[in-house]
């Protein structure tokens, strides 16, 4: 199953490179997304309903599967499934948006202007192909049972998303791409060090880097080496996840990439990195080092929250503002994961909510960009007059992302806070609350100024967004709001199992 | 056998020093390649038994790091018509001092880490020092290519470190990792090419337009 | 509970229908107003059932709403019902009024306004009825968001956007504080159902109290957390301001009362804390109200004042019942609750009256109005009733609740030391507030309706249509009714007190207040009778005589002009001068000079002192910090990588 | 029988009230060595005014005419609460003084509005001053009554004053003295007497209460004057009840004593007016605060005891 899910987008990606006809390629993109989504959904439901965890059909094994005691390369446990589900759903929306987006970009070919820049787009084949490869790599991250493979998959996501960021061929996007590429590669190199340490720690146990093996023999691991391993893995994957102070690439990449790519980066890629961190924490937890890993996670989570808040104050570019909000949420997730217990449940729920909401917001930001041709907040006024539909999306996204109920994010924040208070972590709760308030104030200012008021340019011309580009965001927002009203039993089961699997602090 | 290994280690360390002071781009690339080759040879000597798999693997690595990468980089350099100089942000004396300091620090660090005692002396410090040298190249050089070189050096260091720990990765994983590194360098090469086209040189200080530094607007 | 559910359903569905009616404002008006009326009628049924028949109703379950920690648990006890009463009453009044006020034009905007209005009512009702923290927060935030959108009704005005921002931020901060409160309570009791909440151990209780004071105080507009109120209320359409100021800020009071119920037994300093907050709010509110030039800002500040009165009652009650004197506590609690109800009636009336004035003249600037009593006789009559009521004068309802709090504080005088001393403070503050409020509203009424018009805007003014007048007349009648027959309101208030603070205070309240209230109503009736007699006597004395008409005598000055009247600021000047240290009144004065002075100018203005001197500097500090911090994102790749290495080394050295 | 007595007392108060200003004026005239107006002057004035036809400004509305009526009605209503000669009024109840204060505020409110209704600069000025002084007078009144109620432990005027005995003066002399002083000051201010105000000044700029009624004439003016006298009666009665804690059983004696005390207080007012000069307008609040401070001291003494 896992292998199928990995190979499917791989093949269609290759096909996308070969195909000549744009329409056909877009259709291929959509079909692949749908197929991937349906398979994933079925898998998750099967898991959530009947706890169908491992199976012969799951992944292929190091040694033939009829041998007992052999470990899979790829298979799904609860956390993997959860993130796979989010990724797949997100990709479905992104595919629809991308198809419409590419069509739009084709309709007025040639050079486009955007606050002063003139640029061309990369060939569409490269774009679609990389999108599909990207999906396959992320599926690999979710499914990997071997830390080495996990590492490889994460690095693959970096490399495959780089061309996507450089879709608009101009200086700024190129700079963003370069920074993204180098910073993330360096970070990932550190993660590789972490893997090595992990392996060294597991050397006596003979577990290698197999997650199952490590977890099984966790008591035998050398704690000092394990700590080193966690630190390296944390810094490595944390760089990819965008935790401060490793976040520096994130605002650039997210603001310069096309909206659909930003959505995928923020909604899916960061989750993959988060999964990497969680895996490391999982081993630490199993080895009884939960307090160690939890402390680090909480510390850097708070740091990210503070950084994001301070950079959102007086932010001048609304896509960068969204990027910083992603950093903020990654911080919240890290805090939740560090606190452990119920907070871990909150963190996972938050990850789901944030992915969908932020993706929708980036979609909306793409529409705003299309309506105003600028990312400067000061030049965007009176969106409500310019395009009521987009304004409604924009505002709804703001309310959802800041955790205004009904919203899954609200529940996540609440659960995490409750856990922090229950543990008597007063300082954590205090900083958490204060900077959440600061973030809220900063974002509120920006969203009010952009949405309301009178448009600057006269004569005012209405902007009618193509429905296909509005629908995905709408769909995601409805989902998140519904999540705030009702967490379905199967999802609850998956979340609980995932939280239980990762264990986390105490 | 270990003597050879230790000689290689010394060679690697010296290469680090050389890189930190080498003034020309091409030589820097070649030094990195040489280091990669040395690293690739290391397992054959260290692990003693030069059995089939190890040999094949070493050959592959040497081919990659000793031939493919330098070729890619030099080609990129040709295409971009980058000037020969490295033009570092800090002077060479400072660089070499930092490199030495890095080596000392990694010696200390290696002594602190309770690593499984390999036969080869100084392999852990050497690997760490290599990594730091890589970072040194990335952070103190202006050109984009040097940063890629730095990245390669970091990779070398990590690889040596892996050898030091005897972490026997399954072949598939090793392959995946190597593939990633290869693709990384490839993609970076492409990026450099684009950079040179857009900015008509590849100094990264041109690549600092994207920032949130609100100069001048107080409060 | 069925009726309540139906009312919520009707309100919500009519809201979405009104929105869906798109450009057709006329249809939106019918749907919106009709839905609001029907919904509030249904709601009133359920409220009255609880207050007079069933005593309490609860409902739990409905799996459709099931989230971690949250479930759909509703409960209407007398306390909730007592607060629900004004919700539905004012919703109905404001809907009737708004049907004319918003008009049949305005296209899509009108539909949106109706949608938000009905959602606001529904969410307020849900706030009072919900018995689970998550559900409560859901309703709470829905309330905040819908009112936020209504504040932005005139979003093309920069002022409105600023107000909306301040309001939204205040609401968000308050919500976070409430999350902290509920986390504390939930941590101790395990669940987030209100029924299961119990006082957490040790310092957590104090923390919870402070969190509640912050979160609910922000909504209630307690000084110094009131800064959003004078900004946001004037920005919204008048019938919305009526609902916001009349009912919505009461959700804060309600929350405080509930919290006190959960956190009992109370620490010693809580009562005084509430009391001091009340003192500050009451005095600051009324003093600033006295200094305002804009009618709606004035009314907003007076809301702060009335919240202060309510809190004084609560605080004194808490102090007294901590000292064991139940009767006093009962009187104070009852008075506070009753004042909450009364305030929503007369404040709603006054805001809608202000709306009528602005509708007719296009301005709420006191210095530009005058002489409207001739042109808008009925509006002026109703407004007068509201003004008298809010100044706490018999025979109106404002007097009743203040009378009860006074009675309580006098009772505390006889008791043990601590409450006695606090009660002296309350007495003084209430007395001063009474005098100041009287001055404030005499000033407002005088400069709007009496004398000669101060600008041409007033000449063409005339009474508005029947719906708006009805929206004014109904609350005015309610104010008079409670003023004349207070015993009718005492029963529900007593029930609410018992359901909030236990049976003893409720019973004590009823027994202590019954007789005095009967006498007060007798006295009020006597006053009305005597007024009638005086009028009759005058008529008798003037029978068959024709009073002559002339110019105002004005000590023989022949040609008085409208500009020579005593204006609003000159009326208030002696007091505003007296309180200048607090008001920081900024003045501009160009005295006439030379033998033939060209002209002179005197202008004073009381700014938002708390915002300018506390919040703005804090925000500036934060922005400065952000500015310095922003250097870190300078765009240089090399340094970015240094960050990573630095952090890595730090971690290695620190943790290994 | 009881009701008859009550009615008599009530009627007596209504009838005798206009006498007080007359007495005051007599005393002042005595001090000034003038012959002075007849004691019953106010009665004559009222009778004359009742017959006159008023002139209304075109600016005014019904509020202008309602002001005096409200003032009168409130004053009469307040008298119903007031104890007379050691007997509770017909409308005495727990906290009735609060009701009285409410009535006073009501009449003040309406009077101020009536003044503003004329649109005249002078009357607006007077109204503003009236409103300002009320802010300081009310707390003083409240606090003195609070001290009284703490001394006696009673909630109703009747209760307070009836439970005042010579012993309570012996026990709490300072408190009661301070309270009396505070009440006296408040009375002076509330009834626009020197030093707060000068009823027979002719300089409008310095007037407070008088200036508010400049435009009134005929029956309205009669209402105003009569209401003012009732108000004076009210405060005087409060003080009388405070300083006169003697209650023999028979209501005849008590009534006589009471009336004598009222006369005495009127005389005291006259003396004060002749002895003191008028304060500057800006100083009046400080005088009222003096009253407030007296009351506060009384309170402190009382809680200290």
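Letters A, B, C and D mark the chains in the order given here, with residues in each chain numbered from 1 onward.
In the analysis below, contacts are C-beta pairs under 8 Å (C-beta built on N, C-alpha and C of every residue); 3 or more make two chains touch, one makes a residue touch a chain.
Model, not experiment: these values are computed from the prediction.
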Chain pair that, of all pairs, has the most C-beta pairs in contact: C-D
Intercentroid distance (Cα basis), chain D paired with chain A, Å: 78
Centre-to-centre distance between chain C and chain A (centres being mean Cα positions), rounded to whole Å: 44
Chain C-chain D separation of Cα centroids, rounded to whole Å: 36
Centre distance in Å when chain B and chain D are each reduced to the mean of their C-alpha atoms: 99
Contacts with 2+ other chains: residues of chain D: none
In chain B, residues with contacts to at least two other chains: 113, 135, 138, 147, 204, 207-210, 212, 214, 217
Per-residue multi-chain contacts in chain A, two or more chains: 178-179, 182, 186, 224, 228, 251, 311, 314
Touching pairs among all chains present in the structure: A-B, A-C, B-C, C-D
Chain A to chain C touching residues, read off their complex: 178-179, 182-183, 186-187, 190, 224, 227-228, 231-232, 234-235, 239, 245-246, 248-249, 251, 292, 296, 307, 310-311, 313-314, 345, 349, 384, 388, 399, 402, 404-406, 410-411, 413-415, 417-418, 420-422, 429, 433, 436-438, 440-441, 444-445, 448-449, 452-454, 484-487, 492
Interfacial residue positions of chain A with respect to chain B in the complex: 62, 73, 146, 148-149, 151-152, 155-156, 158-159, 162-163, 166, 169-172, 174-179, 181-182, 185-186, 189, 192-193, 195-197, 199-200, 203, 208-209, 222, 224-225, 228, 251-252, 255-256, 311, 314-316, 320
Residue ranges of chain D in contact with chain C within the complex: 50-51, 53-63, 65, 68-70, 72-74, 76-77, 80-81, 91, 93-96, 98-99, 102-103, 105-106, 108-109, 112-113, 116-125, 127-129, 131-132, 134-139, 141-143, 146, 149-150, 153, 155, 204, 214-215, 218-220, 223, 285, 299, 303
Interfacial residue positions of chain C with respect to chain B in the complex: 620, 623-624, 627, 630-631, 633-639, 641-642, 645, 652, 656
Chain C-facing residues of chain B, complex: 89, 109, 112-113, 135, 138-140, 147, 204-205, 207-214, 217-219
